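What follows is a pair of complexes built around subunit A, which joins subunit B in one and subunit C in the other.
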Partner chain A sequence: MPQFLLRRLLQLVFVLFCISFITFMVGHLAPGDPIQAMMGNRRDPRLYEQLRRQYGLDRPWYEQYAGYVTGVLQGDLGKSYRYAGRPVWDLVKQGVPVSASLGLAALALSVLVGVPLGVLASVRANGIFDRASMTLMLTLFAVPSFVIAGLLQSLQVILFQNDLPNLPTSGWGKPENWVMPVLALAAATMGYLARLTRASMIGVLRQDYIRTAWAKGAGARRVYMHHALRNALIPIVTVLGPSVAFVVVGSFVVENVFRVPGIGFVAVQAINTRDYPVIQSVALLLALVVAVMSLITDVLYGILDPRIRTQS
Partner chain B sequence: MNKLRLSTAAIALALLAAACGGATPTPVTVVQTSVVKETQVVKETQVVQQTVQVQVQVPVTPTPAPGNQVLRWAMEGVNEPGTLDPALASDSQVVFATSLLFRGLVQLDSQLRIRPDGAESWTVSEDTKTYTFKLRQGLKFSNGTDVTADDFVFAITRSLDPKVGGGNGSYYLSNILGAADFSAGKSTTLPGVTALDPQTIQIKLEQPSAYFLYQLNFITGYILSKQNVTAGGAKWYEKPAGTGPFMLKEWQHNQKLVLVPNPYYWAGVPNQLKELDLVFYGGDQGSATAYNDYQTGAVDIIGSFGQAPIPSQFVPQVKDLPDFKSAPQFFVRYIGFNDTLKPFDDVKVRQAFARAIDKTQLIKLLGEGSARAQDRILPGGIPGSELPITGLTFDPAAAKQLLADARFDPTQKLVLTYGAEGDNAKVIEFIVQQWKTNLGVNVTAEPLELQTFSQRLTDTYNDPAKGLQMYYSVWGADYPDPQNWLSQQLRTGVGNNNGHYSNPEFDKLVDQADVEVKDAAARLKLYNQAEQIAVNEVGWLPLFSPNANAMVKPYVTGLVFTGQGIIVPDWSAVRGLAQ
Partner chain C sequence: MLRRLFRSRVVLLSAIFLLALILVALFGSLFYAVDPSALDVNNLRAFPTPAHPMGTDDLGRDTLARLMMGLRVSLLVGVAVEAFNVIVGAGLGILAGYFGGWIDILVSRTADMLFAFPGLLLAILISAIFGSSVGGFAGGAGRLLLVSLSLAVVGWPLMARYTRGQTLALRERQFIESTRALGASDRHILWRHILPNLAGLIIVSATLDVAGVIVSEATLGLLGLSAQPPQTSLGKMIVEAFSYISLNWTQVLFPGLVLALLVLALSFVGDGLQEYVERG
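Coming up: the complex of A and B.
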């Protein structure tokens, strides 16, 4: 196990290095100019050169990249172009706990609703409950998060206009602000997990050892929850890592629609203004989250399935 | 919907009801009459040192009982003011926020005339190159300390200081003596600005200018407390002290700024407001979210920034509501041609393309009353727009003839490039169709992501041979003066002249007009002649001037919509939502 972990951690460092290089190069090669974005419609060649020098953009790309990597290794993410030289970490740090708590809440909701729903559907496969719930889950999975977010927001407007109880359409800080962003963010993952659980459960329920369990007189609860679910969970745990990536991607849209001051909110503004230091840091940070989550998944995987543990 | 016509005599204004609302407690004030010396350099035909009487409301006590109203103002387009430092702020939303905390020596009134603010009066020398300002007696920063002339000198110097690195100082303040060298790092002092005594400031200019006070009115000319800035470190602006109507109470990052009245504001403390929230809506979704928040009563004002108005799909639903305000603004959308490349190096081709667009149809497409067709460069309301211009009106027969007379190769591929945003695709599709129908010319429309488009415009400026052929662009006034529209757009080589339009006669006329100060009418006439040349030669192909569409809750009073954005002439008359 320690050897396995060490190998995975080294891989992780390599992945992060690659991501930093790719985001840097994409930023460097993509059309659009952060200094011109800063100056708006106006053109002032002298000032333009001065600002380019000031932000180090007149240096060749490899020098800029080397400077960036050295900074990151020393814990300095650089300075924002857009926000008058404010340190990137300064802009990102308030967003981290917000995005993390929003993402965890959404993930928890999708697991807590999606998995039981999938189990229930599998118990009476092809019954009315199965068909109805799985159609809903397929819809949640298929409809893009910006549509769901927009619909939830419009729903609140309609509720408000009809003097019905409603939730705030945007903002952050109060408990009621959580409901809609969490719903919008959880929707796709929830649908995915429910359908995956159902399929996985149905597969497991056909196995011989389940028949054995029934034969030795185990009760329905014990068969479904103890024998079937435990094995059915393996593919579900496997996708939890990638699901984090799903939630991260969704947060870009959902945080913007509901004005949640998280990383996604900061990132979209940074992309629109070519604020490369911020874009690079956000990409790196999110890559770190996704990579660590898939590492955790692998470890969990071993715990759930002893066969995998012994192999490694 | 009201059809807004442009007034040629004065600036077209949509006035909101400015009456005080209901039985709200008003702050205890006395009305003093103070004598203010004022020099009008724009409207008058002669520089005269006028003595005008201005009614000044002075609060009796610095902290009267606060009111209980809250006003929540949506700032669409950005999610976070990166700074509140007037030397560094650049987004129009952040510039607005800054203007509530800090103020300068002068201000714009609702007729867009220059009025005294931190300065009580000023005089202009005979050669019109030296301004001497007297600071307002007893003027204090919001932390209670006295404002001195040194504070102002410090602030202006800072705005131009290359080490501070602001983008706007060298643009707005470049006419101050020595500013160009100082901001370029070639000298370490700014000789043009001096404190003659603690109450008196002298500003010397490089050349006479009728629009200098407009430039000084921008945030880069605001007064900063030297002590506040130097003691506050790099993020001094998180605890700012200014002479504006409000102070910063709380900064909720990526959410909002919470402002409270500045008890030391000289011109009527907005004490009826317990709080003014500037709520930031960033990202592409910002305007739609703000609209939904407005619907549920979470904000009181939306759509107040020209670049991020109410999304056009919502306008038909709300345009008949009393909340809906549609006002002309100083924005013109136009097509620019690259005058260095075939076929648009030929003036006849440009004229043919200009005369082949039926702008009345275009306005119908955009929604009657939401924009005005534009056949000239100055939008209605900018001084000089009252003088007539003969535009290149729609005439398909003449257009075809012009094209036939021109050196035009019908096999050349033509591309019209634009930034993919808002209603742009709709407009471009229409124009391409017009050229096909009325000229028989096929033009390809090329949409680009905004920053990519902006980059291509820069390329076109720097290296026209590799630049765009033609582009759909927009200009919004920095200040209400024709110099900002003619000299700074179409003079040979100036920064905004991406299409490289060049005409020596035009240059001569605007150069003369730029330094004319004493005779305002003659100055506007020079600009008018220059504008006529640029219109004839299609320096721009002006299309339309879009209205500002905003929504304001009926209980909000005291705001005035001008071409230059919303102006609040008297903050103590502004009402919000009672809590």
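Coming up: the complex of A and C.
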């Protein structure tokens, strides 16, 4: 196990290096002169030089990169171009808890609905419930989140116009604001997890030890929950890492569609004002979250399935 | 051959639907000659009427005409990205798998670096930062080229990794070794034996991938990073219609439905192709 953990940590260091380097380079290669853009039409060579030095743009790129990484390690994401001199973290920080709670809620919902649904579908595979629920789950998985968001919003508008109870289509803060963005964000992952759970359960239920359990007179509940599900869960744990990535990128869209003030929303505003350091920081933060989550899932996988630790 | 490909009715229906969408995107404007940029100020946010079969947006522009324009953008970007993935991704993957050595190291490590970014994040970053400077280039074509390139940067590593693995397995097969023993050059083996054997698999994975690319383009469009006015994209149409959804919900519904059906049809056709290629 320690060796497995070490190897996986080294991999994380490589991933973090790639993320920071590529993010830095994209910003570095960005066309145009950010300092001149910041100064607008003013021509003031002294101020120009001062700002350039303040943003570290007078140094060679490898020094800039080193400075960038040291800064990030100390929690300094750099300064905004749009709001001269203001730290990027100031602009991003209100969004972090919002995005985190939205993402966690969506992830929790997709696991809590997707996994049980997959188990139920596997109990009577190819039955009516199986087919109906799995078709629905395939649709949720295949249809992009913003289309689902659009359909949900259309539904609310129709409900509203007919004086029926409805939910708000945008905003954040009240509990009822959570329902639609969480549903839209959870839909794809839920569909994926449900189908994966079903396939995994069906594979496990065919194994000999399950027949043994039935033969020994174990009840259905014990066979499904105790014997089958425990092994069927292993492949599901492995996709939790990629699921986090899916939710993270999905939050960009969902936050903007439902006007949820998370970091995806902040990033799109930064795109419109060409505030590159903010865009870079959001990309960096999200990539970090995904990298760390995939490390955690890999370690969990190693704990659940000893074969993973010893091989390769 | 066709009968076996269309064994499943869903695949056949999807293929017909897909063909119809492509024809509408390419030639629709010949039969429905409404200017997608013309403003009908008396009919803002209209519901479907005979004059505007799918209604109008908040500036009074005809939704059916704009939908055809958006569909063109989606299909164009999808084809461009897959062309890049096949030529560059599969090309590098085959070379890496066949020759090994430093080519393999270079290709595999570059792919690993790009894999470090989750999903679309890198494409969002690239198209956000370079977007403003290519906007004016070639009347909007620069923007679409950038979107295609940023999606290709995200997409090719997967194709390269897949073809590399397939090539590695193929290289050890006996018929390749016999060919080599007969004195065939690497070039001959690559063109005459490796490529024809992988072509089916490459086409299948490109077809399965293109649905994802179209959703990605729509996502970038939604974030304001794809086609710019007067061009439009399905994602942009959807996000613009969100702002007046309480007045007219059909304007979110139509582009959303077209996108969803397009993606589903592509997935079914891809699955059908996969079954056909794998079972022979």
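Criterion: the second predicted complex is superposed on the first by the 250 of 312 C-alpha atoms of A that agree within 3 Å, B and C clash if a C-alpha of one lies under 4 Å from a C-alpha of the other, contacts with A are read in each partner's own complex, and residues count from 1 in each chain.
Simple rule for what comes next: a contact is a pair of C-beta atoms (placed from the backbone, for glycine too) under 8 Å apart; a residue touches a chain by one contact, two chains touch by 3 or more.
Nothing here was measured: the structure is a model prediction, and the numbers come from that model.
Engineer: Can A:Pro144 be said to touch subunit B (first), subunit C (second), both, or neither?
Structural biologist: In the superposed model, A:Pro144 contacts subunit C only, not subunit B.
Engineer: Quick check for you: in the superposed arrangement, does A:Gly95 touch first (subunit B), second (subunit C), both or neither?
Structural biologist: The first partner, subunit B, only.
Engineer: Touch test for A:Asp44: subunit B only (first), subunit C only (second), both, or neither?
Structural biologist: Only subunit B; A:Asp44 stays clear of subunit C.
Engineer: Output check: A:Val268 vs subunit B and subunit C. Expected answer is one of first, second, both, neither. What do you get?
Structural biologist: A:Val268: touches subunit B and subunit C.
Engineer: Would you sort A:Ala84 into first (subunit B), second (subunit C), both or neither based on which partner it touches?
Structural biologist: first
Engineer: For A:Gly171 in the superposed arrangement: first (subunit B), second (subunit C), both or neither?
Structural biologist: first
Engineer: So, does A:Val15 touch the first partner subunit B, the second partner subunit C, both, or neither?
Structural biologist: In the superposed model, A:Val15 contacts subunit C only, not subunit B.
Engineer: So, A:Gly27: does it touch subunit B (first), subunit C (second), both, or neither?
Structural biologist: It touches subunit C, and subunit B stays clear.
Engineer: Where does A:Gln153 make contact in the superposed view: on subunit B (first), on subunit C (second), on both, or on neither?
Structural biologist: In the superposition, A:Gln153 contacts both subunit B and subunit C.
Engineer: Find the residues of subunit A that appear in the contact set with subunit B and again in the contact set with subunit C.
Structural biologist: Common interface on subunit A, subunit B vs subunit C: 30-32, 146, 150, 153-154, 157, 160, 169, 253, 256-257, 268, 272, 274.
Engineer: Flag every residue of subunit A that touches subunit B in the complex, lowest number first.
Structural biologist: Against subunit B, subunit A makes touches at 30-33, 36-47, 50-51, 54, 80, 82-86, 91, 94-95, 146, 150, 153-154, 156-157, 160-161, 166, 168-173, 253, 256-259, 261, 265-266, 268-269, 272-274.
Engineer: Which residues of subunit C touch subunit A in the complex?
Structural biologist: 112-114, 116-122, 124-126, 128-133, 211, 215, 218-219, 222-225, 235, 238-239, 241-242, 245-246, 249, 252-253, 256-257, 259-260, 263-264, 267
Engineer: Spell out the part of subunit A that touches subunit C in their complex, as residue ranges.
Structural biologist: Residue positions touching the partner: 14-15, 18-19, 21-23, 26-27, 30-32, 139, 142-144, 146-147, 150-151, 153-154, 157-158, 160, 169, 244-246, 248-249, 252-253, 256-257, 267-268, 271-272, 274, 276, 279-280, 283, 286-287, 290-291.
Engineer: Can you tell me which positions in subunit B touch subunit A when the two form their complex?
Structural biologist: That would be residues 78-80, 82-83, 85, 88-90, 162, 165, 167, 170-171, 183-185, 252-255, 280-286, 288-289, 292-293, 295-298, 448-452, 454-456, 458, 461, 474-476, 495-496, 498 of subunit B.
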